[in-house]
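Here chain A shows up in two complexes: once beside chain B, once beside chain C.
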Partner chain A sequence: MSSKLSGLLSATFAEPAYDHLVELVHQRDATAHRRLTSVRMSAHDAKGREVLALEVDPAREIFDLGAALGARSEPRVMVLFDARYDAAIFPYRPHHYAYLHARGAADAPLYYAVNATLGGVPDRIGATNINNIETYVFRPRAFAERYSVMLGNVSRFATAQAQVIAYYGTERVGHQVEVPPKAHAETPLAADLEGVRLSRVETKAPFRLASYVVGRRAESRQLVLFDHLFTYAK
Partner chain B sequence: MLARALLGVRRERTYYLPWIVRPGLECTLLLSNVEARFKEGFTRGPCPATVIQYDARGRTVGRYDVSLRDPTDAVEVGLGDTPGHGFAAVVSDRIDSDLYVTLSDGTSYTATHGRHEFVEHYPPWTAAVLAATTALLALAGRTLPAFARDQYVYVGPDSRSHVLVMNLSNVTNRVRVVLASADGAARRLLVRLPPRGTHLLDVARLADPVSVTRACRLRLEGNAWFNLYLVGAGARDLDGPLSLMHVK
Partner chain C sequence: MSDVADPPLDTLLLCYCTNLTVGELREACRARRWPPAGKEQTGKLCTGCLGDLRYCLERFGHHARD
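Take a look at the complex of A and B:
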């Protein structure tokens, strides 16, 4: 084992009735490099209460999150992966990805990058400056979709006062979101404001939060968009 | 880098995005320069850009000139209604933001972003040597493994990954694909991509039928620079809604 282990705390959100397979490592070259040193998975309800915790076999490449959560009653949990690893596993950045599909749905599965929420070694994240102002742009035409932003606080002690700002042409609508440690919230974004379409959203927080922009089919509420926002002010 | 210099290979910085058009599925790019809001001296418009659309055979099938009024402007570029796939290059001196590619069935859309990388240009003599060498290797189902990518792909009873492989060079790219199943068995395929061409790889045809969704290991090796996007398909496979996703 290396004496210079790196750490990564990454975070996602999970809802019932989805196939949700999380890649614990970035598949690359020799099998020996694919192994994490340790990884602990925990799931938290909206108030931050830990509802499930598992020591995951670090030799696993894929973690079946949908199976691990089973038929839980929470409508949404924040899932944290607290990993220790040799830096050779992640050659570019500590990216890892996940596959997400509503069981039985005709919709396309989504494949997304799991949020790297620091918690370890910021110099390996590639964003050592401000990384808590994020942006996402929406298509200007109307769709039968409902948009929102999911924010989760991965810190152990500090409550975060975050802002979610939705832009409609030259108008803006701000939402204040308070997320205690390990708590999370989904902030809906109105699709239009007095006939003007939602054009983009920004999130601002005192430190890095788990953040995803979400689009759901209006009828089924199933996810068609689950993506990271973009950090530009860095 | 030394090998590239010896071979005379030049890398041209290029922002590219994948595209797929299917019956009932439109592909639209969403261009913006919102990052410029945070850069002193770059906040004024207009910001012109040209989109060049290449099809699977590497032919230019579309060219679109657009202009962004200011950093908060966003412009849609529809990539036509002719079924096909390929990649689109966005040429602009001023755009720094990540650009989006969206797929829509008319009621909702999925989205991902493009990549700011490069396209490789090989001089004629290097291209000729490469063509002769890789043609010989192809007889044995092999290629010159100058570049390699590893990628997890997914196969399930009602969803699956396809892979859009993009040849980001001006030479023919023979890409060797190896899919490793859970039982350790490997399926192999050699794909020939024309310059700037693409191939939509149907992973499910290489994998055994499954009752639950599972991941497979995919390895690709090519004789020139290439990259890939995952294409997500649901129960109706390529006839239904699709998603695109970039990978690092």
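Take a look at the complex of A and C:
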């Protein structure tokens, strides 16, 4: 193990009544299972106030985020995982992965890569593209009835002014979002504009934010899409 | 929130890509040696720390712009 540890700060969003599991290190080699060195988890309400913080046992393969959060009054919290690790444990771009399923729902569970918001792009993997401009292309056939983008600011000091731009064919609709440190916001996107379906969304910010595209059932508002955006430039 | 001028924040990891702490940034600015060797990519990889980096550079009296 090298003497210099790497840092990774990942962010996701959590709502009440979901099973939400986070795989700290994705690996199949049970006989040589490697661990993060440390993980601190914190949860923040929409205004950025820390509502929960705890040290996660890095020996765990799976962290039960839903159980850790318990029954909370906040409709949504931003959850940060502040990890230290030896670079050798991630042969791929460093990420945690997660399982998400509304309790009792008939919809399929969702699997996603937890947004690696600070770090996770070491020089060795060559991921040096600008990544504060991101995009997401929707499937041609609609399957969620309400769409939105969730943005969270993991900074300690800096407020971010972000833009969310939804595309409908050749038309576009822009939204301005201000997110103070540790605050977060959900920006609804109309599913269509004068009969033209939502085809793409972009986010632009002065620095990288935690960002997810969201799709929900209209009545239950349960999540059927929860995915990160992709860097705009390749 | 603690103020960035407070020494207790010196161990805070500012750039997760280059392992730069607030204290290292403060010292580099004090010595007029920003960026220090090996930290040139600070704020340029994941970009997530860029807002905090600019905030701290201003607070620590570094006014040069790239």
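By definition in this document, the second predicted complex is superposed on the first by the 211 of 234 C-alpha atoms of A that agree within 3 Å, B and C clash if a C-alpha of one lies under 4 Å from a C-alpha of the other, contacts with A are read in each partner's own complex, and residues count from 1 in each chain.
Assume a contact is a pair of C-beta atoms (placed from the backbone, for glycine too) under 8 Å apart; a residue touches a chain by one contact, two chains touch by 3 or more.
Given the structure is predicted, the values throughout are model-derived calculations rather than measurements.
Taken together in the superposed arrangement on chain A, chain B and chain C fit without clashing.
Once the two complexes are laid over each other on the shared chain, residue contacts for A:208 go to chain C alone; chain B is not touched.
After overlaying the two complexes on the shared chain, residue contacts for A:152 are found with neither chain B nor chain C.
After overlaying the two complexes on the shared chain, residue contacts for A:141 are found with chain B alone; chain C is out of touch. By the document's definition of touching, of the two partners only chain B reaches A:111; chain C does not.
Between chain B and chain C, more residues of chain A are touched by B. The minimum CA-CA separation between chain B and chain C in the overlaid arrangement is 19 Å, rounded to the whole angstrom.
Of the residues of chain A, not a single one touches chain B in one of the two structures and chain C in the other. Taken together, the chain B residues at the contact with chain A in this complex read 28, 30, 32, 34-35, 37-38, 72, 74, 76, 97-98, 100, 102-104, 107-113, 150-152, 154, 156, 158-161, 213-215, 217, 230, 232-236, 240-243, 245, 247-248. Interface of chain C with chain A (complex): residues 1, 4, 12-13, 16-17, 19, 41, 43-52, 54-56. Put simply, chain A touches chain C in their complex at residues 4, 6-9, 116-123, 127-128, 130-132, 153-160, 181, 206-209. On chain A, the positions that touch chain B within their shared complex are 19, 21, 23, 26-29, 61-62, 92-93, 95, 97, 99, 101, 103-113, 135, 137, 139-141, 143-145, 167, 199-200, 215, 217-218, 224-225, 227, 230, 232-233.
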